[in-house]
Amino acid sequence: MSNSVDRRRFLKVLGVTGAGAAAVSACGIGPEPTERLIPYLIQPEDQIPGTATYYATTCRECAAGCGVRVRVREGRAVKLEGNPDSPINRGRLCARGQAALQGLYNPDRVAHPMVRNASGVFEDIDWDGAIQRLTAKVREAQGKGIVFLTGAEQSSFGDLVDEWMRQVGGRHLSYEPFGFEALRAGNRMAFGTGTLPTYDFANAKYILSFGADFLDTWLSPVEFQNGFSRAHAFDAGRPASMSKFVYVAPRLSLTGMNADQWIAARPGTEGMLALALAQVIVTQHLARLPTPPDASRLSALLVGYAPRAVAATIGIDEAMIVRLAREFASSGGGLAVAGGMATQSPNAAQIVAAVNILNYAAGAVGTLVKFGADLAIGSTNTFADLTALMSEMAAGRVALLFVHGANPAHSVPGAFQQALGKVAYKVSFSSYLDETAAACDLILPDHHPLEQWGDSRPRAGVTALQQPVVQPVFDTRPTGDVILKLSGKTGTFQDYLQNKWRARHATNFDQYWMDGLSKGGIYIEAPARTVRLAPTASGIRATAPVDSTGDEQTVVAFPHPILHDGRGANKPWLQELPDPVSKIAWHSWVEVHPDTAAKWGLATGDFLLLKSSFGAQKFPAWITRSVRPDVLAVPTGQGHTAYGRYAKDRSANAFELLGAQPNDYGGRSFTVRASATKTGEHRKIVTTEAGPRELGLGTTEVLPLARAKALHRGDHPFHYEETPEYAKDAVEWWGERQHEKASLGNYRGEHPRWGLAIDLAKCTGCGACVTACYAENNIATVGEELMQRGREMAWLRLERYWRTAEDGGPQGAVNQPMLCQQCGNAPCEPVCPVYAAYHTPDGLNAQVYNRCVGTRYCSNNCPYKVRFFNWHNYAERDGQYDAFPDPLSMLLNPDVTVREKGVMEKCTFCVQRIRGAQNQARLENRNVRDGDILTACQQTCPSDAIVFGDLNDRNSRVFELAGNPRGYHVLAGLNTKPAITYLARVVAQASPSRG
Amino acid sequence: MAEQQSPPSRLTYDYVTRTIARTLGSPSRGYFVLLGAAVALLTIGITTLVLLIRYGLGLAGYSHPVYWAVYITCFVFWVGIAHSGTLISAILFLFRSGWRTAVYRTAEAMTVFAVMTAGLFPLIHIGRQWYFYWLIPYPNERGLWPNFKSPLIWDEFAIGTYFTVSTVFLIMGLIPDIAAVRDLATGWRKKLYQLCSVGWRGTNEEWRHFTRGYLYLAALATPLVLSVHSVVSWDFAMAIVPGWHATLFAPYFVAGAIYSGCGMVITLLTPIRKLFGLEELITVKHFENLAKLCLLTGSIVSFSYVTENFVAWFSGNPHERAAFWYRAFGPYWWASWTMNICNGLLPWLLWSKKVRTNITALFVISIFVNIGMWFERYVIIVVSLAGEPYTTWTNAVYNPTWADWGIMAGSFGWFFMWFLLFVKNFPAVSISEVKEVLAPPRSKISRVHA
Amino acid sequence: MMPLPKPLQEIFQPPPTPGILGVFQYLDATLDAIKELRAGGHTDFTVYSPIPRHEIEDALGQPVSPVRMFTLSGGIAGCAIGAWLTLWMSYDWPIVLGGKPVGSVPPYVVIMFEMTILFGALSTILGILFNAAFAARRLGTIQYDPRFTNDRFGIFVPADARKSAAVEKLLRDAGAEEVRRG
Amino acid sequence: MLRPYLCPIRAHAYILGPSDYTEAVPHRNRTTDLAIRGNLRSAAVVVLILALPPAALNGQQAQPASSRYTAPVITDTSSLKGPRQPIFFRHDVHTGQDLIPCMYCHSSAAISSEPGIPALQTCIGCHQLIGGSTPSHQAEIKKVRDAWRERKPPEWIRIHALPGFVRFPHMRHIKALGTHTCVTCHGDVQHMAQVSQVSTLRMGWCVRCHIKNNVTRDCSVCHY
C-alpha cells in the first residue's frame, strides 16, 4: 500500500522505539527482545508513568460537537470518555465517539503527503515540495474558480477557510450528506427562520416523532438520548413518570424501537397526521390558543384536515387520531419532532412545517422547541448548493478544488465522480484514502482532530475547544497551518485560534483560555428567540403522495445508526458493533416485511437487486416485521470502493440508489422508487441474533405502566425472583458457606460486593456501552468471516427482543444488555480444573487469563453465555487474525492484559478500574467512595441506564436500585445469585406481550 | 498309547497352543494394507493437531455457545468403547462365565488402546495444549494446585487409573501365554517374549499367586469400570445445561458404554476370526452371547432415552422441555433420530435367534451400533449446547470442519495401529484360559492301575 | 537365556539345583505322582502345568496366597493419599468457587475412590511378582521343559544322588512319559 | 513456536517529550479534576529535594550515617554483574555514597504503579555543575551532557521486567513498607556499581512475601 507506514519510522514518531518493539513483538510468537527504556528529555509536568492523564477536547465524529476527555497513558490516547462539563453530552458518549480512537490510530491513514504523478499513481512528496506546488496551483487558478469543500465547519477553521477563500477569490462550501434541509425549509415555512432549534426532550411529557431518529442519527443523538431517558424512564418517585413516546414512520429505527407505540403511517402522509392532530387540538380547544393573528392563521390552514377526512389516506382510523391528539395536548408538555432522513420524501418540508404547526398549536414552541440556541449543522450548505457546484465542476468552471472532511464521492457516487473528473486540479486534506481523496491529484493529510488544535460551535452559546492530546502518529500537518502558509500568513493555526479567542475575550485572556481548555470549551446559555407563525405558514399544505404505480417499491435509504453516512466504515469497532435494530454487522441489508417476502418467495439472506432510475445495488434481505409491507429499507454507510481495509468492497452502497437532484426545498430525497428483483444469490447474514425469540423464561421482564406504578418497596412481581421451595435449605446452606468463607484466607473480614443495576426502562439499545467495553478491555474484533461463525468477543452484548402487539406486528423492543452477572454461586467457577475462574473476596467472578488452559467448561456451564474464547491469536503481530495492526495496537489499554489464543475471557466489571480506584484510595488514606468507580459501560451510557457500586454499602446508589421492586435477577430460578439487578422494562400498554 | 486316550474333540491343548500361536506368524499383505491405512489416518490426525496448536482451535467448527463438540464427542465415544473390555474380562470372570475366555483378550486389548485414544482428546481439545500439565497436582514454584471440585480433574484421575489398571490387567493375563509362545518362538521374537514373560514357567507357586492376584485385580477392575464412565457422565451431569443435568446419567452412560463396547468387540472379532481362522475357538456361541449383552445394554439405553424425555416433560421445567423439544425437532433432528434408530430400534432385531447367530448380520448391526453411539454423544454434547434454552439469543448451529474430522480420523488411526500391532505380536486369544475350559487329558489306564 | 543384570540374575537365575524332572502327559497321572511324593515325604518339589488346575492345588494342599494382603494395604494407602491430596491442597491456598465450601468432601470421594483402586491394583501386581519371584529364588534354578507351557505337566523333585533312583522309579510308576535326571 | 505469550502492552513505554516542551507552560492542560494528582506528584518531588541534606536523609537510609560508605573506584567493568548500560551510571555512587534517596529520581514510585526513570533534565540538574572527580567519571558525565545537548536521551536497558499479565503497583508497596524498602526487591542497589536483578520476580517469590506479611493472596490483585 502506498500509504502504509514502515514500522521503524512510525515508532520513532511515537518515540516508543524500544518498549514499543518489546510490547508489540511480545504479541506475536517468538522470543522477547531486551527492552529499552527511553527517558524523557524533560519530564512533562502532567505525565506520570503508569498513571493516566485526561485531556478535555471535542469529538469531531459528527456535527453534534460533544465534549470528550481523552485518557492518555505514556503519550498514547487509550480511551475517550464524555466530558461532564459539556452541556451537550453531559459526560456521555456514543459508539461513534468511542471509536474516534480508531480513526486516530487507523492503519489505513495517509502517512505523508502524496501527489499523483504523470502515470496517475500516487507517490510520496515532502511537505515543502507539496506546499510550493500548491502555491503555484493557487496562483494560476485565481479567477478560474477555486472552491474549498468542507464538512460542517462552524469553527475557527471554517472562518480561516472563509478568509482564505475571500483572499484568493474562491468560495467555501460546507457539505453534510445528511443536511436536514427539510427541517430548515419546514421551519422557514412555519416560522420564517431557516435555523435548527434545540429540542428539550428532558422536559417533554409526551413525545411524538415523525420519523425523526433523535436517538441514533438526528441532529445531536447523545444529547437527545440523555434527555429522552430522563423523560421516558420510569421512576416511581416522579408523579407523571414515563412520558409516552409515539413513533410515526414507515420503519422502526433504533429510535422507533424504543417507542411505546408505532404508527406505520403511509410514507409521506405524516404531515397530514400532524395537521389532523393540530386540527383536533385547535377545534376542541385542548390547548391555550395563541394570540389572535396566529389563531386565525391556524384555524385557516387547518380547515380540511379533520380526522375523518384524512384518516383513510393516512391509513389509520379516526379514533386513533383523536386519541393521539387528546393525549398529546393533555400531557401538558407534548413535543413533536420531524425531519428524519428515513422520512425525507419529496414533500418532507411540508411534513416538517405541519409538525411545526402541531407544536405551535400545542404550545411546545418556545418551551420545548427553543429557537435561539441554533444548531450548527443548520448553517451548512444545502444539497442544492452541492449539486450547483457539481454542475459548475462538470462545466469546467472550477479550476481548483479543495476537499476537507467530506467524502461526496461516496455519498453522491457517480455524479460527483464525473464532475470531479472535469476539475483541473483537486487537492484533498483527507487523512484517509477515501473515494474523494483517491480521485484527487494532491493529498495533504490533515492531523486527526485528537492531534491538533481547533474548536467548534455545535450550537449558539457553546464553543467547544479542541486540543492535541497525543503526538502526531504520522507525518501529517494541520490543514490550518497549511492554509496559513499558503495564504502567506505567519504563525501556526494555534496562534490563529488563540487570536480568535482573544478577540472574543481580551481581558484576562490566559485565565479564560486555561478555563476553556480544562472545561473543554466555553459554555453559555444562548438567549432564546421567540418565533411566531410566519405569513408563509398559511401556505402549508399536507398532500398525500401519489399512489405507487407498477411493481416498483418505495425504497427508504436511512442513515446507519453506527456507520452514519459511511465515515465510520473503516473502524473495526463500528463494523463489528451490530446494528441496534437488525443486529447485523459488517454488511448492509434490505429490510423486507414477511408478507412481501412471502409474495416473492424470499428468505433472509437472499439477495435482492434494487434498481432505481439512478442506480442499482444488491442487498441481502433481512425479513422483519419492523418495516411496512410496501416499503423496503436499506442502510447507508457500506459499499466503499476505497477508504481502507475494513471498509473497502464491503457490501453495497445505498447512496447509489439515490438521485443527485435536489428537491424543491433544496434537500435530497432519501426515499426513491425502485424495482426489486430476486437475484438467486444467497449469503449467511452476519448477525448476533441467533435465537430470535426470548422464550419468556425469566430473561427479560416487562411491566405494564399501571402495574409498575402500583408497586411498593419490597414487592416481588416476578415469580422467578422467589426462591423455589426446594431451594430453600440450599439457600440457608449457602448462607452458612458465606459465613465460613468470611473466616478463610483472603476472604477473611469485610469486603465490598461489587454489583451493577441496569434499568431496562432507560436502555435504548444504542450500543455505546458495547464499543466502550471494546475500547476499555482490549477486546479483539474478529472480522466478518469469523463473526459469521459466532466468534465475536463482545463481553457486553445487547439482546433485542421484540414486543409484539395484538396484530402480531412489533411494538418496540426490550433491549437487554447482557454481560457477566458476577454470580455469587457462579456455575462457571467450580468446573474450572485450574482455578482460572474463581470468586474474589470482593464478589467478582474473576478470570485469570494467564492461568486459563482453555477447557471451555466454564462457558458451557454459564447459563448467560457471557464467556468468550480466543479461538485464534488475535494479538499476534501481523498474524492472520491480527486484530490490532499497527498503529491500532497503540490504543490497547495498558492496564488490561491482551489475551492470547486459547484462553477464556469475560467481563469483570472493569476490574482494572476497581483496583486503580482502590490504589488511589489507599494512597489518600480513605476508603473507596460510591461513584469513585465507573465501569466503561456505565461511564458512556447516554441514557444513564447502568449504575455500578458496592452492594454491601447500604448508602450506595446500586444498593438502593437493587432494592427497587422492579428489580429482578436474570434466571434467578437457577439460584446463581447474580450481582447484576435488572430493572424491568415498563411499557405504556395494558398487557405487555412478549415476543 | 496316546491314540486311545486322546480326548474326543480335536481341541487338544496342543491344538489350541498351535492355532493361537499361528496368528503370530508372518503377516499377510492384507495386514500391511490395514496397518498402512491406520498409519495414514494417524498422520492426518497429527498434521491437524500441529495446525491446531499453531493457529488455534478456531480451525475447528466451534461457534459460540457450542464450546465442546466433536473432540469431546470422540473422547466419550472412545471411553465408552473401552468399557466392554473390562466388563468381559473382569466382571464375567467373577461370574465364572466360561465363554468369555475366547474373546476377552481381544476385548481387553481394545480397552487399553481405546483408553489410550480417549486420553488424548482432553489434551487436544484444550485451548493451550502446551499447559496440559497444569491439571496435574505437582508441586510447583507458584504454590498452586488443581481444583479437585472440577469434574475434569475427576476425569483425569478416573481415566488415568483406568488406563493403568486395565493395562496391568492385560499384561498379567498375557504372561502365561507369552511364556507359551516363547517356548515355540525363535529369533528376536523369542528374546522379546523371554523378556515379557518375566521367566514364567507355570510352576505351582506361580499359578498359586497368579490366580489369586488375578482374582483381586478383577475384583478391583469391576467397580472401576463402573466408576469411570459414571465420572465421565458427571462431566455433563454436574453442569446446569438442560439435557446434561440429570441424575440418570451415570447408569445411562455405563450401559451405553458397554453397549458400544460390545458393538466394537463384534466389529473387531469378526474380521480377526476370519483372518486368523479361529472359527474353532471363537464360535457362533460367543457371538450370540455378545449379541445378548448388546440386547440387554441396548434396551437399558433406549429405556434411558424414554426416561430422559419423560422426565423433561413431567418435570414441567420449561427449560428442560425446550431443550428436549429442540433436540428432537430442532435443526439437529437428523442427529437425534439417527441416535434413536441405531440405539433404540436396532438392538431389538437381536431378539431373534436367527439374527443373533448370523455373524454377517451381527457385524452390520455392530457397525450401526457404533455410529449410533457416536451420535448419542454428539447429540448430548453439541445439541444441548447449541439449543441452550436459558439465553436463546446466543443459540447457534454448529458445523464441524476439516479440523474436527482430521482429529477424529487420527484417533481411529491411532487406535487401529496399536490394535493391529498387538494382534500380530501377542496372542489375541488367551491360550491358557481357553485350555482351562477344555477337558484336561486323563489316562484311564493309570486310573485302572490306581 | 539373555544375560540379566546382577540383582535380577540372583532372583531369576540362581545356581542350579540337582534333581529329577518327570514329564507327564496326563493330569491324573500327575496328581497320582504328587500324592505319592507327598506320601514319600517330599515337600519342596515343583509342579509344572500349562494351566492352573484346582486338582493340583488341592493335591499340593498349599496355603492361600498372601497377595491379598498387598491388595488390602495398597487400597487403604491409596484412599488415604486421595483424602490428603484433595483436602490439604484445597486448604493450602483456599479459593472459594461457586459459593461452595473450600474443602467439600463429596466431590473428593471420587478422587479417593480412584486412588484406592489405583494403588490397590498396583500393589497387587507387586505382590504377585514379589511372591512368584521369591518362590523361584527359594527353589533355585531347576530343570524345565518348553512343553510345560503347551500340553505337558511336569514334576521336578530336588534330590541328591542317593535318593534320585527312588524318586525316578516313583515318577515312572505314576505314569511319567519321560524322566530326566540333572 | 509454542512459546505462549499473553500479549503485554507494557505499562511502561516511556515516550520522548515533544521537542517543543518548555519548562513553564504545558501546551496541553489537564482537566480540572486531575490537577490534584499532578500536584501530589510535584509536592512529592519538592519534599524530596528539600530532604537532600544528609542529616535529613539518615532516617531514609539503610545504614547509620556514621559509617559513611564510599563507592570503590572501578577500573575493570567487565567483571560486574548485570547488563552494560549506555552510560555507566553508578547507583552506588549516587545513593550509596552521596545518599541521594531513590525517590529523588524514581519519583513516581510513591504515587503511581510505575517507578519511572528520571528524565535527562533530572541528571543535568546536578551534572551541569558536577563534572566528576576521576577521568572515568568525567567521561561518563560527558556522555550525559552530550545527550542533553543533542536532545537524545540514552536508551537504558531494562533489568526488572514483569510479564505483561502481572500488575505491580509500586505505590501500594511503598505506601505500606516505606520509601526505603526498595532494597527488599531490587537488592542492595546502593552498593551496586552496576545494577543487576537479584530477586527472581517469579510468582512464588511474590506469594511467599505476601504470606509472610499476611496480606492478600487474591489472584485478581495482580492478574487482570
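A few comments on the model shown:
Going by the order they are written in, the chains are A, B, C and D; count residues from 1 in each one.
Quick note on the criterion: a contact is a pair of C-beta atoms (placed from the backbone, for glycine too) under 8 Å apart; a residue touches a chain by one contact, two chains touch by 3 or more.
Keep in mind it's a predicted model, so treat the numbers as computed, not measured.
With contact taken as defined at the outset, chain A and chain C are each touched by B.
For chain B, the chain whose average C-alpha position is most distant is D. Centroid to centroid, with C-alpha atoms defining each point, chain C and chain D lie 71 Å apart. Distance from the chain B centre to the chain C centre is 29 Å, each centre being the mean of its Cα atoms. Averaging Cα coordinates per chain places chain A and chain D 44 Å apart.
One inter-chain figure worth recording: chain B and chain D are separated by 63 Å, centre to centre, where each centre is the mean of the chain's CA atoms. Among all residues of chain A, those that touch two or more other chains are 745-746, 827, 830, 832, 835, 838, 851, 900, 902-903. Each of the following residues of chain B touches two or more other chains: 128, 131, 143-144, 146-147, 149, 153. Counting only residues that touch two or more partner chains, chain C has 93, 95, 97, 100. If you sketch which chains touch which, the pattern fits none of the simple shapes: not an open path, not a single ring, not a star, and not all-to-all.
Across the interface of their complex, chain B is touched by residues 688-691, 693-695, 697, 699, 786, 789-792, 797, 799, 801, 818, 827, 830-835, 851-857, 859-861, 863-865, 868-873, 880-881, 900-904, 971, 974 of chain A. Against chain A, the residues of chain B that register as touching in their complex are 55-58, 61-65, 67-68, 122, 125-129, 131-132, 134-135, 144, 146-147, 149-153, 156, 235, 238-241, 318-319, 322, 385, 388-396.
Put simply, chain D touches chain A in their complex at residues 1-19, 21, 23, 26-34, 37-38, 40-42, 83, 108, 111-122, 148, 151, 153-158, 161, 163-165, 167, 169-172, 175, 216-221, 223-224.
Interface of chain D with chain B (complex): residues 1-2, 4, 202-204, 207. By the touch criterion given at the top, residues 53-54, 128, 130-131, 140-143 of chain B touch chain D in their complex.
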